[in-house]
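Residue numbering begins at 1 within each chain, and the chains themselves are lettered A, B, C and D in the order written.
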Amino acid sequence: MDSPHRYWENGTDRDSEANRMVSPPPVLFEARALLFLRQDEPVFGPLDFHLDRGEILLVEGDNGSGKTTLLRVIAGLLRADGGSMHLDGQILDHDSAQGRLLLLAHQLGLKGDLSPLENLRVAVGLHGCREHITPRDALRNVGLQGYENEPVRQLSAGQKKRAALARLLLLPAELWLLDEPFANLDREGIALVNRVIERHAEEGGAALVTSHGAVTFLHGQPRRLRLAS
Amino acid sequence: MKWIPRWMHELSSPPVFYRFAGVMRPWFMGFALLLTAIGLYGGLVLAPPDYQQGDAFRIIYIHVPSAEMSLFVYGVMAIAGFIAVVWRIKLAESVAMQSAPIGAAFTFITLVTGSLWGEPTWGTWWTWDARLTSELVLLFLYLGVIGLFHAFEDRRQGARAASFLVLVGVVNLPIVHYSVQWWHTLHQGTTVRLFGPSSIEGDMLWPLLVMMLATKFYWAASLCGRVRTDLLSIDSGKHWVRDLADREGR
Amino acid sequence: MRPGSLRAACAAILRRDLLLAWRRRGDIALPVLYALIVTTLFPFALGPDTALLARVAGGVVLVTVLLAMLLAFDALFRQDLEDGSLEQLMLAPQPLALMLGMKILAHWLSTALPLIIVAPVLASMLHLPGEAIAVLVLALLLATPLLSLLGAVLVALTAGTRRSGMLLALMLLPLCVPVVIFAAGAVSAAQTGLPWIAPVAWLAAALALMLVLAPLACAAALRIAIDA
Amino acid sequence: MLAFLDMGGYAAYVWPAYAVFFIVLLADYLAPVFRRRHVLRELHARMQRQKARQARRDGMPTHTDTDAHAIREHTTS
């Protein structure tokens, strides 16, 4: 605990730690002394952390501690004021990240006048598509069968979130940045998000998941990154 | 940015610039007043009346320096704006944004004095010639920059966005000027020339040059004052500003 | 994994925006209606003198089209910014400038093209002679995309601010002066029997230049404007 | 002197032009002076309020980091 801005709590048990020693999984994402200022005061950082393939990192912190900002910086929407980010060992900046990471933010990025299916097709057009999955499959996997052609604006908040999750299933990206993915969801939806994240991790992807502290619905015991306010 | 000299780097720190500007401002203003006194004495008293325009030509001593400053300030603003957009230096953002009101003031003066000069010499307050029209467009450009800057909640973000607009304007201004010239020839309007004789007498010329220098000093003084005040707002959470408020704010 | 191709991405954005415009086709009619109303008002203000109306017709139609476009500009990025689509667009593996170019194209197709289609009607309401109408349409075909591109840069700059239509007008005025001059110049040259190729060529040259520069500037402006 | 003020009959143009020049520039020069005073006074008042609140909370007025933080929060809002 050399800095008030970070401390680690390793949630993995010894066995998997030992397994890792045998065949160390390559680091997917790494942040070095990552710093973001607003009006010359740090919003977060300097932060050092890394994310292996198949790993989920829970970003904790109170409201205003900079969780969303951190995700937006990693996504390249905001420019960091210091430090560097590396994806697969290569420096990540504004332009090079594109397509390798996905952001699920508070604003879901769905067009209200289009149906979930049309929204997903646009996303596929922009990003390309994973193998062996179609937009229809993705919608079925998130429990939106029957709503494929309904305008998104007529769906409930939870259903909109599911449609956004379907986009994650569909698009080829290794690093997911999920901002409060459990908000607006019922118990079934929470289980769905957990399934989706776990599958992604099993397939070798990684995810940063934010949570505002009190409770997290994330399964298992992920590594935690705590942002102090 | 290794190539930036050390003194420049230090000067771009807000507290240092604040002190520097505070010291320099009275000197700049003093020179400006002195030169204005000399220039206007030369221009209003010593210079003989123009053989065509009589004494009306004496408006030249404020009109032409103002017109020159309206472009000069835009140039400075564009350079500072470029630095602000590319390197995000706080002082450059401030200089770019605080230049805009000064430039707008000079542009406004140019338009009003031009109009007051036009009435007795061409018999009209306003004519759509290339120079006047460009100057009007320049005024709108300044107002747009000021408006955009104030439309943002975050000062620094507003400064960067408005600086970008300044750079767009740099490309635009010459195009406006030439297009208005072309338009003017197309419509065969009244051809007027702002400067009656193209070769101006020495007695008439030197006060003009002095006045041009005076407005430069004035600009330096005004910019110092504005940037200085702006830095206080920008750095209002910083210790140096809070100490200052402790001493001078009561 | 199949990475997305550039052409697919362009098509996706273009299709999406046109589809959205189609779903809200009532909004397409608004600028056209606005232009119609403004043009109708001119004869009432100037009197029904045919010669006078014919003389000002080109300019009136041009300025009306410009103002109608100005009304529609605000919608260019506003929705995308509010629902988060713009962020998703910025994360896509395609060059942002090109994607924005597609958005501008879609916006032009859904707002300016209807205006160009009714422009001959508006012009003949003001008794503009036939040959001049042809030149007017040609000038509009070059001038409106130019305005769309210029406007897009400015809209991108104001994207991070509260709603401000007047500010946009103030910012656009200096930029659209040359466009208006050359477009109206072409029409009035055609009306008086002078060669009108030169101003049209200038417009075409400016359009070619802005087709390259404006999307890049737009992307840069957008990055500045959402950086908060 | 009167002849000078008359400006060869152009007094109605020359003097207003000079008046505009000096008035506009004077306003431009003085604006930051007043604004600077205003900014400092406002900041001082805000700091006093912060200090008073801090004193009520802790029993004694001090400069602390939360103080600075609160000021920053205030200016951004």
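Things worth noting here:
Convention: a residue touches a chain if its C-beta (ideal position, glycine included) is under 8 Å from a C-beta of that chain, and two chains touch if they have at least 3 such contacts.
Remember, predicted model here, so these are calculated numbers, not experimental data.
With centres computed as the average of Cα coordinates, no chain lies farther from chain B than A. A count of C-beta contacts for the chain pairs B-C and A-B puts B-C on top.
In this assembly, the C-alpha centroid of chain B lies 33 Å from the C-alpha centroid of chain C.
Annotation: 49 Å between the Cα-based centres of chain A and chain B.
Between the CA-based centres of chain C and chain D the separation comes to 42 Å, rounded to the whole angstrom.
Chain B and chain D have Cα centroids separated by 21 Å. Counting partner chains per residue, chain B shows two or more touched chains at residues 154, 237. In chain A, the residues that reach two or more other chains under the touch definition are 39, 41. Residue positions 227 of chain C each touch two or more of the other chains.
Partner chain B is touched in their complex by these residues of chain C: 153-154, 157-158, 160-162, 164, 167, 170-171, 173-175, 177-178, 181-182, 185, 188-189, 199, 206, 217, 220-221, 224-225, 227-228.
Of all the residues in chain B, the ones that touch chain C in their complex are 85, 133, 137-138, 140-141, 143-144, 147-148, 151-154, 157, 160-161, 164-165, 168-169, 172-173, 175-176, 179-180, 182-183, 186-187.
Every residue of chain B that touches chain A in the complex is listed here, in rising order: 156, 235, 237-238. Across the complex, chain B meets chain D through its residues 29, 44-45, 49, 54-56, 58-59, 62-63, 66, 101-102, 105, 108-109, 112-113, 116-117, 119-120, 154, 218, 221-222, 225-226, 228-229, 232-233, 236-237, 239, 241-242, 244-246, 248-250. Residues 39-41 of chain A touch chain B in their complex.
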